[in-house]
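The two complexes that follow have chain A in common; it is paired with chain B in the first and with chain C in the second.
Here is the complex of A and B:
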């Protein structure tokens, strides 16, 4: 509220009241819909996570925190946490780095950069499930284009690379069917899909970096490109980075489409790619264990809320320079 | 002097090479998808892969009409279009209010809309499933439309609020002096001026609804099954008909790619608006 003269106070208050009413009136439809569709289900999930409810049963028993207890004691769920966190920890920094690198490259070449930008952005927009199927075909152990291309190198000088030499004698990896590779392939596709989004965010961030700052840094003795990046670009991109990291984390936590496309049953070889979203779907919907599915949902929600609040806190602590 | 320009040329060349490598990395799966979909099944599975081949549209006709994928594509289209219109219809007034009016709780409301945009309701699949099942609404278009609305509304509000903010307030004030109501100002002045931004938010709504998989899997069976949910069921079993599968993928991806190519500049701006501020 701004400072107001005392004689106009009443008038302005009335005006403000009227404005507030109109504003709430305009926001109401969207707000009500979101409360109904968002808060209600959270409450339902929270309640169900304390029961052993399953569809078809007449009633259910309250089991307290037993479902949560199970999540932290069974090895399946240990694998679930490992797969989820491995995915997040690998995909977030690499897609951030690649996004930043691509943004700097695209930014440095001027007008032509627009074409690259558009193309790098395609995987972000394209239907992930459809692209996952394409990757599955390309990664097929025998008829996939990737292993077939690798085989071409057999018998050439390229065999000095240990990976190729090993593949030529003992066969190339099964990729998606291989418990040592599955999670890394999943990460790779996550990076392929997501880095363009980060690039776009960084490009927007770069437009806000003032030219004079570079001149000033040069005056201060930042001679080479790396110094200029370290002293000017990177700090100026602080707010963008916070945003990129939060949004990438949230997106990475939610990985589902690729896992569902590659391993519709069971979450990959040796459950190495049994990520949380998939676990919710498998337990709650496919196996009708709604209590445990809801418990995973609640944990998931807590992680994501934590990340969002963390971002807000970081932003409010002024990451601007 | 010469050394410097030589060095510069080298670095430009290496930049170009890097850009090209990333380009191939991005685009190769699309290329492979489209070419495989145009191959005969035998050619598609050939070893080594065929780079030059005879083009056939057999996969497309078979998938669309024999396997009935057109119905799923139609479902996807109905759901995406309805979601888009509804989210604009509900989102624009809210965005206008957030951009123009001061009122108590505005900051919290704004934060809440934005949080929802991040904590996308995808985690709520299970409670939705139960509620929807009890309401006997499983496998209807309506359910998916409503649910997609919840994650599209925040995006629409986010982008449109920025659009409305960019319109100078002088215009409103002039209209108020002329005696126009707030509704009139919204409809006749601000909405037309913000139209490009509104269109971008609409495209986003469309793409996100079109691409969604998890809810489609959980909440539909036959009637309202969307194209991505259908494509999943293609992947079961051995000796997969890869030509047909790639044709299905192409059909799913193409509308999105067209949008992304036509509106890429605006989409990028829409996504980054507010993000970097």
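Here is the complex of A and C:
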């Protein structure tokens, strides 16, 4: 009896083993590829961030956490954090709000909406680098169309606006060359370029809102559009909003093209637009300081990872009903 | 007392006129079903009562008060939607009580009324759940609870059973009818399902192309329709329509006379409606003969379709299970009917009762009809 039992047990164990081996065999190619092209580079970057390696050098020294220490003690990197977080904190909420507003408006006008949709989406489709060059022309302090337009207001009643009055007497801002304006111009372009994308995401989210819910809200006594929005639209857009915030944050952290186009040397006036992605590029590629470049990369990854985990947590806890 | 009155209501969407001219009175405490094929405007009528749709002209009054220009929430009505339309981010209790909350009722009263409604619908144990955690039937009951809690004069139902599976639909049908008997409010119910209309209501309004063809008790609608479209829409399987000829009092079907009525109309063509149960197998030569092309056995009864010999007409008749052995495919059968069961309509589909046989006029029944 026990013989038989142990036999069947062994047989089933063998079968299980065989199944497990087959399963591993089948997943191996994907697993190996994933490790090789996704995880290994991160691990290598993590390792390099603890060295003073430069490309072409025969060897390197382990420097421990010196690179990270530098990130948190030098004023250049303080400026990097300020520029990056200013950009994220300004661009994400505004491009989200504009995206949602545009989506609601486009959604409410029917066929004409397609035209608006295309127009708002144009900047998303355009190459940011090319657009940046156009912006650079427009923002030129003397021959740019923006300052020339502002100059028209000089001598008119519009001069009661302090900004214009100041500009007329002392000259209009240098925009890209002005450390007080550069980061805001960068933010403006970021919003201009990005909100169409959020609009498309919100439009997709809006299609999932059931029309009868608005009728139910009306029957329940929600009289105006704002109440119906608060009661029906906004909760229904919860999952979309979490996704939009995450994707906008990641995109905002990754801002690079405009900075590289406007200020190829050094990240703007007084390093006021020295964003992380540009810092990685400057340290790691231009100056061949792989160690510090990797350290910034690791920090960047941690931020993005944190955002992604936040999204997962929010999606699972709060917004899926 | 009439609960809802439509007087001269029209409705158009842009240039499309969907409700040409509607006059309808719904009695207080009745269970009225608006039934019709999709696109006939029945949902539009319901939504106009609710105030979700404005009328183009005419007036609507509820319980004697003109509500044409009132907000939906101040009309004293509640509505149950086809998709239930529960707020996904609220619990069952919040969903049920939300209308009261917007109506600024004290919290304790809201809680009490929500609990009361929940008890009526056996939802007490589900009050803290979210809609996604409920089954279709439970969601349906929450939607009804949300209506009950407002204590409305009129309940509106917009195809509330169409998202339920067949078994649950039968059960919920009975529950809604019971609910109506218990709370004695006016129910107006829209459906395209004639079974729902026949089983639940005490009045049926049959709608087609934006007008109400007939509004009567279910038995009248079925047995004594005014219009051929009503006769065709209500009843499953569909009523058989046969062309007949009338010539100075003699009625004939496919060239064979089957009766005489007192009428002086010269020669004219009419349509005769015969319910499947009005036709039965005949051992000798009946009025109709043909071959069986399809048999549907429902257990308690059998429906068979017959292609009439030499005619491009197919009729359906009901047979008892005992006759099932006679109903093999391709078999030639003879069918008879009692002329008093025949309903006669003119070419426009209007009922011509003067041309029909009735029990009161037995002499006019043709002798050769019975096989």
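One rule holds in what follows: the second predicted complex is superposed on the first by the 283 of 321 C-alpha atoms of A that agree within 3 Å, B and C clash if a C-alpha of one lies under 4 Å from a C-alpha of the other, contacts with A are read in each partner's own complex, and residues count from 1 in each chain.
What we mean here is this: a contact is a pair of C-beta atoms (placed from the backbone, for glycine too) under 8 Å apart; a residue touches a chain by one contact, two chains touch by 3 or more.
Everything quoted here is computed from the prediction, not taken from an experiment.
Partners chain B and chain C, brought together by superposition on chain A, fit side by side with no clash. Shared-chain residue A:125: touches chain B; no touch with chain C. Contacts of A:164 after superposition on the shared chain: neither chain B nor chain C is touched. In the superposition on chain A, contact is made by A:135 with chain B only, not with chain C. Of the two partner chains, chain B is the only one that A:26 touches; chain C does not reach it.
Using the contact criterion defined above for the overlaid structures, shared-chain residue A:281 touches chain B, although it does not reach chain C. Taking chain A as the reference, the larger set of touched residues comes from B, when chain B and chain C are compared.
The least CA distance from chain B to chain C in the superposed model is 9 Å. The residues of chain A shared by its contacts with chain B and with chain C come to none at all. Interface residues of chain A facing chain C in the complex, by the touch rule stated above, are 210, 212-213, 215-223, 231-232, 235-236, 238, 321. Chain A meets chain B in the complex at residues 1, 16, 19-20, 22-27, 29-31, 33-34, 37-38, 40-42, 44-45, 48, 55, 98, 101-102, 105-106, 108-109, 114, 116-123, 125-131, 133-138, 142-143, 145, 148, 151-152, 192, 196-197, 200-201, 203-205, 208, 239-240, 243, 246-247, 250, 254, 256-257, 260-261, 264, 277, 280-281, 284-285, 290, 293-294, 297, 300-301, 304-305, 308, 312.
Residues 47, 50-52, 71-73, 77-79, 81-83, 85-89, 98-99, 102-103, 130-132, 146 of chain C touch chain A in their complex.
Every residue of chain B that touches chain A in the complex is listed here, in rising order: 15-16, 18-19, 22-23, 25-27, 29-30, 32-33, 36, 45, 47-49, 90-91, 93-94, 96-98, 100-104, 106, 109, 111, 113, 115-116, 118-131, 133, 146-147, 149-150, 153-154, 157, 182, 186, 207, 210-211, 213-214, 217-218, 228, 231-232, 234-236, 242, 245-246, 248-250, 252-253, 256-257, 259-261, 264-265, 267-269, 271-272, 275-277.
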